[in-house]
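Just below sit the structures, each encoded as structure tokens.
Shared chain: chain A. Partners: chain B in the first complex, chain C in the second.
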Partner chain A sequence: MELALEEVILTRKNWSLSARGIFSEGIHLITGRVGSGKSTLAQAIARLMEPTSGNIAYHGISRHTLSMQFPEYHTTGHLVRDEIRSWGLEPERICMEAGLMGRAHERSFALSRGELKRLHMSCILAGTWDLLILDEPFSTLDPVWKHRMRRKILAHHPPVTLIFTHEQAVLPRVDYLWEIRGGYLHALGPVPEAIPSWQGAPRYIEEVLKYGVVPDNITLEDAEDALCRMHA
Partner chain B sequence: MQDARLRIVSTFLLSCAAFSSITGAVLVFMWWTIFARDRRNLPGRRTAVIIFGTLALVAVFTALVGGDGAGYLLRLSVVMLIAFWAFGGGAGEELFDVAVWAFGDRWGFDIGLAADMALGSLGRIEDDIILTRHAIAMKGTTGLVRSLVPLGVSVVMVQIRRAGCQAKTLAVRGYHSGGTYVPRFNHGKEDYVAFLGSILIIFALLGTFVRYL
Partner chain C sequence: MIVCTALAFRTIAIRDLSIPSGHTCVIGPNGSGKSTLLSLLAGIEVPEQGLITIDDETPRRTDVGWVGEFPEDNLIFRTVRNEIASALRFRHLPDEELEPRIGQALRDIGCEYLLDARCKELSGGEKALVVLAAALALRPKVLVLDEIDSHLDRSTAEDVQQILPSLSCMHVLQSTQNMDTASDADHLIYLEEGQVRYFGPPEEIFPNLEDTPFYPTLWRFAAWSSHLKR
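Then we have the complex of A and B:
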């Protein structure tokens, strides 16, 4: 199961993004600054927009979905339980997963954006997918839920998972790193080998790299472990 | 038509004329083909399908209950064309100009600000509709009719939330009421000809229009 970007070019007025590469099975982290084209690329990969040129090929992938940054766009059920059922899921279980126990009868849009994001992410992670594209899955979540969501993604991720984010504080362990800069999608490679060439790495990774140590992965815990190993 | 004051009055007159009768709609359509040729501001294909599709649905329903569905569709479609011409290019700042020119720095500023924000939101609706349609399709709901209600609810709720955020932002920045703004207007000869055209249409339809009112 894999996804191939074959000389893909996305353009919009004075902006363009070129992307090529193969997303094999595993968790891929795609980073880039705000406005670099992460969301546009995510939508193109989800086949919601046609690239200006090139081709996006699915190999062995039959079920895919995209989680957009703003959960409001996904919300189509009047009540929380309607929203959960619109995903074909059982309200009780999802409410518990999302920390919304006893709130199934409330109006979906009466939830705060953070609660709505928890609800949406819980629904999407409960589905069965071959390819899951998550655009800023940690945005609008508080730190506690960012950590919980990170664990949920690791526990429930489908074979090919793409995480587009500029999050710097709470990141999941990933298998591959990609970076969008200068209008190109750069394939940095598998982790941990790719970490030293990651220009937009979080501060804690930069600090560890300064000591000449490469952490096993990209989380804060990995960085701490690397420093401990060095001092030991 | 460059002068926003004339355009707003023309929009009001032409919309009334088009809605009042089929003859009015035909006359306004002729006006639109002549005077709106440089500024039609027609929406994208998807938005057009949704807007005119909704009108068509209401027209079919009207016809089924014994009303003049075809007439309704024609009249409302022409009203929409005039609306696109007048506001499709993003006329928020122009409304600000007109409101302050007409009502001054206190009431005019408030009305202009509200109009500016409302049109700003309208400008974002197209993107909201596209993204919400994608989200609905990803849930496996297909077909315009089945997705119309959730689409409408979602888009309206997103707009309400955004309006709430804007209101809070204004309050945090200390906005209470009124403000200072210097309106500016450009106009050419064709503005007056087009404006006169819209007045002539209303006069030509005076009997129908008064009956309609």
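Then we have the complex of A and C:
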């Protein structure tokens, strides 16, 4: 399975993004500044909008979905249990997954935003997909749940997983890095080789790179291991 | 000084809390009441019981700039210029004051390029920045930011954090899930199930959280790094 961006151009009034490249099987992390087009590209890949030109090819991919940054955009069920059933899932199990045990009868929008995000992410990760596009899956989660969500993504991710994020503290181990800069999607390459050219890297990665060491991957633990190896 | 006395509202129950002027970050687990507390301090909600005063006035009699967790909810006008101007027009400021204030607010956050943009074409992060600019244009006494950094990349979030100390606001009240951001505040409020579990400067609060994921990532990394050097 793979996703191919074939000379894709997305445009608005005074803005454009050019993207080309192959998203093969694995976890791909895509970063970029505010307004660089991360969410727009995610929506185009999810077929919620047509590129201005070029083509997006889905080789062997038949089931795909997008998780938008704001969980309220996805929420259709009045009650938590209705929301879970709207995904064809069993409320009790998902409530447990989302840390919302005993709260299936509550109104979905009475949950805090972080709780709603947990509910939404638990529903989406319970599905069976070939391609999963996650736009800011960690935003609004507290640090404890960021770690839990990282574990859940690693345990349940489908063959091709795209994570668009500017999370700086709790990142999953990934296979490929991409970065949107100056109106272009840049394929930085596989990890760890791509890490030194990652301009949006978290501070702890920057600190390790200053020592001339490249961590095996992009988590804080990888950065600490790299420092440890250097001092060993 | 912000003083909360015998405060009760939904899940919030705070007996006594005095917040000195400066930059205060509200942190805590999802559902602990951060957004609810901020909306009370901003005067958007009124407590069922108890009292909040900001220099002896209620929040609703205080100039408050508000950037909510759903920036889109704050945007009601078609263009960025009119969106920022709206807050000033509602206060009947003379027309000649509008343009300088709009320009200054956008310059403060490095977003002059958005002046003539249409609000619906902005990215999520840009919407948050425009709402922030609209709040700054009011030159409020109290600026309330509800997880604004969850919409921003690292560089932009750092730019925003850097301008906060230079603002004329007496209080900046900010909720965040980024503990590295929280570690730069003057004071922290750690909420748990609607109650203040810890209140004080970061260097006093975070040692209580060292064994939890709420400890700042960069503090953890720095400690690890200096441990290895020894």
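What we mean here is this: the second predicted complex is superposed on the first by the 232 of 232 C-alpha atoms of A that agree within 3 Å, B and C clash if a C-alpha of one lies under 4 Å from a C-alpha of the other, contacts with A are read in each partner's own complex, and residues count from 1 in each chain.
Everything that follows uses one rule, which is that a residue touches a chain if its C-beta (ideal position, glycine included) is under 8 Å from a C-beta of that chain, and two chains touch if they have at least 3 such contacts.
Here the structure is a predicted model, which is why all the values come from computation and not from measurement.
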Do chain B and chain C fit side by side on chain A after the overlay, or clash?
-> clash
Touch check for A:L66: first (chain B), second (chain C), both, or neither?
-> first
Give one of first, second, both or neither to describe whether A:Y184 is in contact with chain B, with chain C, with both, or with none.
-> neither
Superposed model, chain A: greater residue contact from chain B or chain C = C
If you stack the two complexes on chain A, which partner ends up touching A:R12: first (chain B), second (chain C), both, or neither?
-> second
Chain B versus chain C as contact partner of A:Y58, first or second or both or neither | neither
Go through the superposed model and pick first if A:H78 touches only chain B, second if only chain C, both, or neither.
-> first
Between chain B (first) and chain C (second), which, if any, makes contact with A:S86: first, second, both or neither?
-> first
With the two complexes superposed on chain A, say which partner A:Q168 touches: chain B (first), chain C (second), both, or neither.
-> second
Where chain B runs into chain C (options 25-33, 169-177, 187-195 or 205-213) | 169-177
Dual-contact residues of chain A, meaning touching chain B and chain C, are 70, 72, 113
Touching residues on chain C, where the partner in the complex is chain A = 28-31, 35, 69-70, 72, 118, 121-126, 129, 147, 150-157, 177-180, 212-214, 217-218, 220-221, 224-225, 228-229
Note which residues of chain B are touching chain A in the complex, please.
-> 128, 131-132, 134-136, 138-141, 150-151, 153-154, 157-158, 160-161
In their shared complex, at which residues does chain A touch chain B?
-> 43, 46, 48, 65-66, 68, 70, 72-78, 86-88, 109, 113
Residue ranges of chain A touching chain C (in the complex, touch as defined) = 12-13, 31-40, 69-70, 72, 111-115, 117-118, 136, 139-147, 166, 168-170, 200, 202-204, 207, 220, 223-224, 227-228, 230-231
